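Shared between the two complexes below is chain A, which has chain B as its partner in the first and chain C in the second.
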Partner chain A sequence: MKLLGYRLEKRVEVSPLWQFLSALLALAIAFAVSAVLIAFAGANVGEAFLAMARGSVGSTSAFAETIVQATPLILTGLAVTVAFRGRLWNIGAEGQFFAGAMAVFWASAILPNLPALAMGMWVFSAAILAGSIWGAIPAFLKARFGSNEVIVTVMMNFIIHFILSYLLSGPWQDPASSFLQTAKFPATANFSRLITGTRIHLGLGIALVTAVVVWFLLWKTTLGYEIRAYGINALASKFKGIPPMRTIILTLAISGAIAGLAGASEVTGLHGRLRLDISTGYGFTGIIVALLGRLHPVGVILAAIVMGALVNGSLAMQITSGVPIAMAFVIRGVVLVALLTVEVLAQYRIRRHIDG
Partner chain B sequence: MVEFFQTAIIISVLAGMIRIATPLLFAALGELVTERSGVLNLGLEGMLQMGALVGFLVSFQSGNLWVGVLAAGLAGIILGLFMAWMVSTLKLDQVVSGLALNLLSGGITFYWFRVKFSSAGTQMPNIQIFKFGRIPVLSELPYVGEILFSQHWLTYFVFLGAPLVWYFLYKTRIGLQLRSTGENPRAVDMKGLSVTNHQYGALAFGGFMAGLGGSFLTVASAGMFLPEIQAGRGWIAIALVIFGNWVPWRIVVGAIFFGFIEALQLALQAHNVNLPHQLLLALPYILTIIALTAAAGRSREPLHLGFPYKRE
Partner chain C sequence: MRNTTVSTDQPQAIHQPLLKIENLTKRFPGVLANDNVSIDVRHGEIHCLLGENGAGKSTLSETLYGTYLPDSGKISFRGAPVEISSPKDAIEVGIGMVHQHFVLVPPLSVIENVILGTQTSGLHMHTETTRNRLAELCDNYDVELNLDAKVWHLSVGEQQWVEILKALYEGVDLLILDEPTAVLTPQASERLFSVLKRMKDDGLSIIFITHKLKEVMAVSDRVSVLRKGKLIATVNTTDVSKQELANMMVGRDVMFTIQKEHTDVGKTVVEARALRAKNERGEEALIDVSFGICQNEILGLAGVSGNGQKELFNVLVGVLEPTAGTLTLNGDDITFAQPGARMDAGLGSIPEDRIHEGLVMDFRVEENVVLGIHRREPYARGKRLIDQDAIRRFAIESIEKFEIATPSASQVSKTLSGGNLQKLILARELSLSPAFLVANQPTRGLDVGATEYVRRRLLDQKKRGAAILLISEDLDEILNLADRIAVIFKGEIMEVIDAKESTMEKLGLLMAGVQDGQAR
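Take a look at the complex of A and B:
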């Protein structure tokens, strides 16, 4: 493409700096769009943004709440990262999140008298196992029968939702209440105190450790190499002798396990019991966190904090200026679309046209 | 259990089957045409949701249900063209673009609804839904009249649309070009035809159909809008296209089958059959997974489905 002595040239590789800048640009576009949305709701744009900033990063306690919102997103973002690195489209982190949370209740109910440390290890192990099973089912169906994992993982989200609502309306329902919820977990399965005076809980520590583990897994282990090789070119990796069936199942099982951890971290750290509304779509927001974070653990942590701030800030905005918190959901979508578009631009660079 | 097999109940289940198949068939026929052009539109769920809201809102405000239906179709076209811009012009990854469209459309729908109605008080607005369009004479027939000829006009429209889609794809020049775009876009390009234009057209049609299908949920069924009212139907429709092996009549059969399961489920719930209703509700989703698995090795998948076409 030539224009006025300049031409667009395709970059050989997109540098980390450009990746970072394009993520920032996508966020800037999302902000511009949110100004329009706020005006659409009939509120004062400046006031609304101010409320959002105050509510998300304006004070220590506000920022602590942002971190609380970011915690599950770090984990679901990491879960999606592992899967997407292998170009396996896990849209089921939402369901795997619930599988993990449900495992916590089940595990703590069958062995209620464990001491705190053993209880923690027991319920989190159960959550990891449950999440990985819920992730491995679509993986097996894909590897064995070629079923499209996008659709199967989405269906698995619906299925576990109905299983949970059945359990909460009968077998697992808190006998002392008519709400769809379980009884409180034993006190030994409560990890709500990490930093006193805030709601930040053990999940943050788990999320950060998991980020390191995911980084190590993807770039320092053979399995990680195989996952990435499968993602770059599934056929070539097969010819190199990497068994696709094993790679698909392991990748999605690990992805599911991490999403399961997210569920466990939320119920043990925040809710103390199982309910239907323990997730506000963390599994889906995790997709955006992963892509915005450039499928890298460091990026995922940063992106999770940004999205956490968005949700938390939107809450404050709803209270002070009446703009529905649903705006956070629009922005989620806008960020992703803007990111994809900007990425196309980042693939090109403008060069002075020499020979013409 | 014996009374469950009364004639009246069987007829109502079968009529419900056709009615419930309607939005699925709208979405699936649109998706079929889209996929035939080589684009996997995973944004179908979001399109249905948008169609449901726009159909409802415009009907509510204009007082005319047909205006609402058309507006929903138009909204679907806009989303379809947007998807086309992402996958055909920018050549973005189709899976990620579809997910992005879902999240965007889902977000806009939810926000729009909240801005319009959350402040209006606790009472959610309702609209008077379409009356059934009874076909003269035919609807008087015993059994069949009740099941087939006392449905909504949109239902007749989509079931008559299925053979038209077949005719378009297999008997017209544009249909052939469209199918070639999905099979071998390079050949289409070499002939001097535009791959991009065909994909824009196919996605506009897919969006239009999904918009109409979405509007059916509100203006012919619920009479109100709820976020997530489409409840996975977009995904089920995508599965139906795969299960139907990209062949129109098989997709119709698949949609009717899913309609039957859903209608049966509703009847079982209504007659207090002793089964947990949540597990019945999960049935269509479980069946979708089974159908997808059973469809393994289907042969008519467009060869170039899901890959952006780039000139080397």
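Take a look at the complex of A and C:
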């Protein structure tokens, strides 16, 4: 490629610094694009962005709300990270999120009288199990029959969504309400108080601990080594005795378990009951978070906070400058596209032509 | 403008070189790939670029072909300075290249592949003109090629013809061939050489990249030897001996033949009985393959590429299930054992395709050196936790013991040269002291130094007591190393002969499926 005396050359290695800078670049591009859109919509760009900044990080309470928004994204981002490290394209974190949330309701309903600590361990275990099963089904189908995990995980999202719709309109519906929701969980399954005065809940602690666990899993355990080896070169892994079936199933089961935790953390920390709108697409945003975070737990936490700030700040932007909150979703989408573009660009470097 | 005067005491038309490279330097992070290299290529000559892996041959040719830009230096073509910043520029100037790894589109036909590279615009494909021109070229050089065949149906040798024809079709004056014989049988290489010579007689200039001295002697007019990025010398091929070239290339005296010691063989370690298997396309690839290998013995498996060697290797390491037959290792039936279980039972393997089958290229050296043994003590504690320190120690030890050229144990593997990657695999596989070692083309693509090294290691293993199956298309290698030689043809073992009684001719005939004067 030749352009005004400059050209692109492939890099042998993409350094961590470049990975970080390219992620920033993707964000910058996304904001530039949305600035154009905001201007088109007739609003004042500076004002809108200022409102967004104020609403997301402008005060302690605003930042606390950003953290609340980031909490499920850290978890779904980590879930996607584990799967993508193994080059297994789990697009089903959304469904696994619901599986976890539903397991909490079911578990708390069949043993409603457990003391708080036991209740917490019980409902979270149930959520982990449910998420991992929902993740392991597409894994099994892939390992056994060679089906494509992208399609199956996407379909599994629909399946669980419709199962939940059915349950909420019948068997699990709150008898005291006509809404599609369950009754409140027992008080022992409510973990909404982590920092008083804010909505920050136990889920944040769980998310941070999970980030450490994921880091440990990927780089300090033999299983993590196998997941990464399988992800980069499945053939060599198979030749060297890493069993493909076990690796695929464990990878997606772990990924699903983490997404299930995200669901449990949301319903026990925020909603206190099961509804259809407990997720605003956290499973899907998790994909963007994971990629923006460069498939590394630390990056995922940072990316989740950025995405959380974006959603939270957009609310403020809508109120003060009239730019609809849908702009947050536009930015999110552009971030993904810009990331994928920058990803490719980061593998090249610009060289100046020498004079002949 | 500098250095444009051509000495006038020589007739220009003949002596002005077609290509002139002056003081070319190309640097990669941490490596000086080409250091002030000046070479000229004359009209109608075959010019070999000789050097070990990592000597800078490929970088130089990729720079000529526009894949890289030089950091400094000057390239002139037909006396005029040129700037080549993409393969497209190169082709416009008149330089074509056939890479080691072909760049063809497998599902398309030969004609379509040629058109794909040349037609610049328009919806209509001018198949007829292309067909006529290609047919003419094939005819001219006695190349038999079905122009309508899909490329993936073609053998590697035929695919190479497609690449060469593509370049000729584009009308280049200088053709660069990057290690073209790496994928060919001895016979096919001979054939290639004779065609190249005819192309040369028709006025084409050829840069032939190789690290095989035999080929330099067989095909070239002049040879430029590169070592560690520097040009050592350009000489007329007739003025030098193989030994002199080898010394120039390696920078020290090289031993050519390795003395194989006679050792008494021990008990039988591996026994294959009537193994059958199918290839990826569901065709019979192995038909009743039986052999036994004892301790302290190397069984060579000779054959033209694609006669079942790959499938046999896969069956032995456990990634392809045989449809019939049995395989035992030290008396245990491992016919259906998983790859990991076989490694536990004492199997070591060196795959043909080290990049795809042997290593995780994005892994660090230390991560690769334990691939497959990462769950064992001391690299893992209780099979679950990685012991980073133990792995690091083992990696550093391996780097020293196997002379792996890498800046550190934490270097990403893909920056290593082919020879060093192979040493990395050897370090890993030999660390287990395998009872049975199966090596598929262990020296393919390696330079003289690394080849010598790998062969010595195989002989060391034999001396230690390993049973070794050496699958190789290099007959010299097999004759040099093996105690007995089995020849495979269309999935069947034609004959197993004692190495002492075998000759190149006899093996060549068996490889072509001729036994006792009868063709199969």
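Just a few scattered comments:
Going forward, the second predicted complex is superposed on the first by the 341 of 356 C-alpha atoms of A that agree within 3 Å, B and C clash if a C-alpha of one lies under 4 Å from a C-alpha of the other, contacts with A are read in each partner's own complex, and residues count from 1 in each chain.
In the analysis below, a contact is a pair of C-beta atoms (placed from the backbone, for glycine too) under 8 Å apart; a residue touches a chain by one contact, two chains touch by 3 or more.
Bear in mind the structure is a predicted one, so any value in this text is a computation, not a measurement.
Within the superposed three-chain model, A:T222 lies in touch with chain C and out of touch with chain B [touch as defined at top]. Look at A:P115: by the touch rule set out above, it reaches neither chain B nor chain C. After overlaying the two complexes on the shared chain, residue contacts for A:I151 are found with chain B alone; chain C is out of touch. Contacts of A:G197 after superposition on the shared chain: neither chain B nor chain C is touched. Looking at the superposition, the partner that touches the larger set of chain A residues, chain B or chain C, turns out to be B. Using the contact criterion defined above for the overlaid structures, shared-chain residue A:I288 touches chain B, although it does not reach chain C. When the two structures are aligned on the shared chain, A:P175 is found in touch with neither chain B nor chain C. With the contact threshold set out at the top, not one residue of chain A is in contact with chain B in one structure and with chain C in the other. Remark: chain C residues 28-29, 68-72, 74-75, 81-83, 85-86, 317, 319, 338-343, 349, 351, 356-363, 367, 371-372, 374-375, 380, 383-386, 388, 412, 414-415 touch chain A in the complex.
Interface residues of chain B facing chain A in the complex, by the touch rule stated above, are 42, 86, 90-93, 95-97, 99-108, 110-111, 113-115, 118-119, 231-232, 235, 238-239, 242, 276, 278-279, 281-282, 285-286, 288-289, 292-293, 295-297.
Chain A makes touch with chain B in their complex at residues 37, 40-42, 89, 91, 141, 145-148, 150-152, 154-156, 158-159, 162-163, 165-166, 169-170, 284, 287-288, 291, 322, 324, 326-327, 329-334, 336-337, 340-341, 343-344. Interface residues of chain A facing chain C in the complex, by the touch rule stated above, are 1-2, 7, 9, 12-13, 219-226, 228-229, 232-233, 235-243, 351, 353-354, 356.
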